[in-house]
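Which chain is which? They are A, B, C and D, in the order written, and residues in each are numbered from 1.
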Amino acid sequence: MIRFSHVVKEYPRTGLALNDVTFRVNKGEFAFLTGPSGAGKSTILRLVIVEETPTAGEVRVSGSLTSGLPRAEIPRLRRRIGVVFQDFRLLEDRTAEENVAFALEVTGAPREGIPARVSRLLTQVGLASKGTSYPKELSGGEQQRVAIARALVNDPVLLVADEPTGNLDDRATRGVFQLLRDINAAGTAVLMATHNLDLVKRNTYRVIEVNRGQLVFDSAEGDGGAATVTSSTPT
Amino acid sequence: MIRFSHVVKEYPRTGLALNDVTFRVNKGEFAFLTGPSGAGKSTILRLVIVEETPTAGEVRVSGSLTSGLPRAEIPRLRRRIGVVFQDFRLLEDRTAEENVAFALEVTGAPREGIPARVSRLLTQVGLASKGTSYPKELSGGEQQRVAIARALVNDPVLLVADEPTGNLDDRATRGVFQLLRDINAAGTAVLMATHNLDLVKRNTYRVIEVNRGQLVFDSAEGDGGAATVTSSTPT
Amino acid sequence: MRLTLREVMLGMRRSPLLSTLSVVTIAFSLFAFGLFGLLVLNVDRALRGVEEHVEIVAFLADGTLPESISAAMGDISAFPEVARVDQVSPEQALARARAELPEFQDVFDASFLPPSLEIRLKEGHRDPGTVKDVTQRIQTYPFVDDVRYGEDWVKKLYDIRNIAGAAGIALGLLFAAVAVIIIGTTIRMTVLARSREISIMRLVGATDGFVRLPFLIDGFLKGLVGGLLALLLTWGANWLISHNLIQTFFFDPGIAFLGVLGGGIIGLLGSALSVGRHLRRV
Amino acid sequence: MRLTLREVMLGMRRSPLLSTLSVVTIAFSLFAFGLFGLLVLNVDRALRGVEEHVEIVAFLADGTLPESISAAMGDISAFPEVARVDQVSPEQALARARAELPEFQDVFDASFLPPSLEIRLKEGHRDPGTVKDVTQRIQTYPFVDDVRYGEDWVKKLYDIRNIAGAAGIALGLLFAAVAVIIIGTTIRMTVLARSREISIMRLVGATDGFVRLPFLIDGFLKGLVGGLLALLLTWGANWLISHNLIQTFFFDPGIAFLGVLGGGIIGLLGSALSVGRHLRRV
């Protein structure tokens, strides 16, 4: 699903954000991405959704090399990925419902099914009553949950979530995490960057840790590297 | 310092966000503000910095009633309050340094002292090397720390922080919290909204909890209401 | 398509200020264009009125027989360039002189003036070249004493017409360029104001076409509305001038329609250029 | 103050596109204004040239004594409105007629024309009222047969001048209004584009004045630069017309300076209006 080989990312003014990062996440896998602030977690996720391309090395997502990807191919790839951004990135001039629906509309989904799907997802994140509010009328945690609903709405094959529980209380965090587990159980691969070590410790999922741009720990490597070394068929 | 009496806040489209909230925070006090997502924490903080005014009831900050405050008085009040916003609110077109310096410049502080103070604070939040980066060149946690540095830079008499550690790892959280404790020890009152229950439990500070717009628990009330009932001199 | 139209409506509803300003700017640009167009149109009409007076005068020798004159008039009428030939008697010449020069107010004896033929040319044959050509042919008649056609005057007339035309086209092009720049600017600002939204749309999988189409339609519609407004303003200005100062002519309905359509096309062009360039960078 | 200037510089450095566009828009608006100004200026000059030819002609009775004529000429010269008096003999009148009307080409006997006096008026006394007044006074001389002063012509001349003036002022005001609107728009857009920044500034304690001042200075400077550009463009257009079409006059340096300053003031006004209104809402 995701394959980083010797990825280096250098930003114009601030220098190296990632240095020789190699790992892969298989189809249907669930992986935490941890590490201190500024380690490079968001940068890894941005490389996955082709918001950035690597300075050196290769990033492959669902088989396609992101570096030379034609501009027209990028939307097609993104439609199969659900993304929760660290800063939410909701469309300011659309209501919560419209924000969630938008992710379906761009894929050309049939219009009849959209409202039902949207309201189901908003209910699942606990925002059934806030559907017609604009982002600036929502609390921080509510905005975050709209972003989560948008990422899940079109049944992505890969979900990429950047600190999706940073503005949520414990109960809401458990609810959202249950959603991610459910969607993973249904076959979606999940890569989730988080600082919530409780969450990481309480679960047995794979943990990838970065620090200062380098991959410093990968629980899959620890238990024999099964996921990253054994299988060499493209994901 | 802060005094809410029977405060009601109704937003135009979404209805009641606060309902009959009464509490006070004294000079030099440290108080956590907790509660689930959407409970009204940010709304309380917005009322304190006069970003909003109450629909009914009174909010007094450092002695002034915020409701009828003349437009020209508001900046004067705000300059004595340090604010960390949940969504950071950094000036996009200024570097980290310039963002922090800005809070000093608006107060008319002598220019000579500014650079030294700014770089001391950036060092304290662990961003000494990121001073010349623009917000979009910073990671989520780095932006949050810039916001914290800006709130502290002009030695406010009151610090209001909305989820200031939501994007920080444990180590950075401890560092930032130590900073808040230090500034509180130096006499600044602190009101901090947070979901980090670990932090709340590990400390003995006062806890104010809201839920669905109502004040449901106040540890100061629990231990005899010393802070809120005994003293009736205006803060 | 329904989705796209909804996007357009959404955009207009959300930034009514920016939309209104775009339309007003387009309208004013086209209005300036329209005013100059009216100026050129009316100068041209006025010049055509003057041009009708281009004529050749052939003075006849004393004692020419009336039959020769009639024959010559027939011949000359048959020239393909000639519209009309009139005979002017000495009395008619004096009457005209008395009307034009005050010195002749008290003169009544016309015998000192020669008779003459006045030749008017057809429209399209009044340029200095043709006039000179016809003059030379008339000069071949033996009883024609002298032919005058006001070389200087004809030339000056054409100069004025050409200068007015060139100035009109130059100013018109200038204003069209200004209009395109201003419209492009307005739309660029709309795009800039929405650049965060656009980048989010792309990040959740919208294609360039999906993002661009609402802007194009929006630009076209605003251009049309701006064009209509400009037409109204121009018509109003024309009405005011016509009723208070001098009689003027207005554009044909066809030209007016083309002008409004031109507004739409300018809006579309401005959108296409500025959205296209911006999308590459988002 | 140094802080404010730094803010202004920062603003320009950060949105070079928006800044350039503002300046260009202001420049084009003022350029349009300048073109109309030039048109009015030159039409006015041209009319003043024509006006110099306003003259009164007094036809003298046959057999008037030369002494009477000389005396009358002295008298009339002494009228405060009169610039010059000339005597025109029948021969001179015929020569003029031959130049103006082709029919007189072959006429050499001037005896049928009356002698006359030509009276030119001083500048500022050529309006129809004064002309009529002087005419009546001249009519009182017994040997003056008839006085003509081309009533129609003088009136028409004044009409044209008034119409051109009114049209020029109307169009000029229109363009000034358009300029203010466009500039206000541009600045409004700058403010809108920066509304998030402005609200953040206020939230960390900036006063309205602190936020507003950089915008005002910015608007004034952009207006000045726009004005200078417009002056350059207008000068260029004038140069092109002067060298290729017809001789034209340019504005005095004082007026040009006022125009540039006017640009600055328009920029300042646009800023003040739109920032003020917007700040109230942030």
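Going forward, contacts are C-beta pairs under 8 Å (C-beta built on N, C-alpha and C of every residue); 3 or more make two chains touch, one makes a residue touch a chain.
Not measured: the values here are computed from a predicted model.
*Asks:* Chains in contact with chain C and with chain D: which ones?
*Replies:* Common neighbours, chain C/chain D: none found.
*Asks:* With centres defined as the mean of C-alpha atoms, identify the chain lying farthest from chain D.
*Replies:* For chain D, the chain whose C-alpha mean is farthest off is A.
*Asks:* Measuring centre to centre with CA averages, how many angstrom lie between chain A and chain D?
*Replies:* Roughly 68 Å separates the two chain centres.
*Asks:* Would you mind pulling out the distance in Å between where the CA atoms of chain A average out and where those of chain C do?
*Replies:* Centre separation, chain A to chain C: 63 Å.
*Asks:* Where in chain D do residues touch two or more of the other chains?
*Replies:* Residues: none.
*Asks:* Tell me, which residues of chain A touch at least two other chains?
*Replies:* Answer for chain A, listing residues that touch two or more other chains: there are none.
*Asks:* Viewed as a graph of touching chains, is the assembly arranged as a line, ring, star, complete set, or other?
*Replies:* Shape = ring; chains linked end to end, path closes on itself.
*Asks:* Which two-chain combinations qualify as touching?
*Replies:* Chain-chain contacts present: A-B, A-C, B-D, C-D.
*Asks:* Within their complex, state which residues of chain C touch chain D.
*Replies:* For chain C paired with chain D, touching residues are 17-18, 21, 24-25, 28, 32, 35, 57, 59, 93, 96-97, 100-107, 109, 112-114, 116, 145-146, 148, 150, 163, 166-167, 171, 175, 178, 181-182, 185, 188-189, 192-193, 241, 245-246.
*Asks:* Quick one: which bits of chain B touch chain D in the complex? Just the residue numbers, please.
*Replies:* Checking each residue of chain B against chain D gives 49, 51, 71-72, 74-76, 78-79, 83, 85, 89-94, 102-103, 105-107, 111, 150.
*Asks:* What part of chain B is in contact with chain A in the complex they form?
*Replies:* Touch list, chain B to chain A: 11, 13-14, 34-38, 41-42, 86-87, 130, 132-133, 137-142, 144-145, 162-163, 166-172, 195, 197-198.
*Asks:* Using the touch definition from the top, list the residues of chain C that touch chain A in their complex.
*Replies:* Residues 3, 10, 14, 196-197, 200-208, 210 of chain C touch chain A in their complex.
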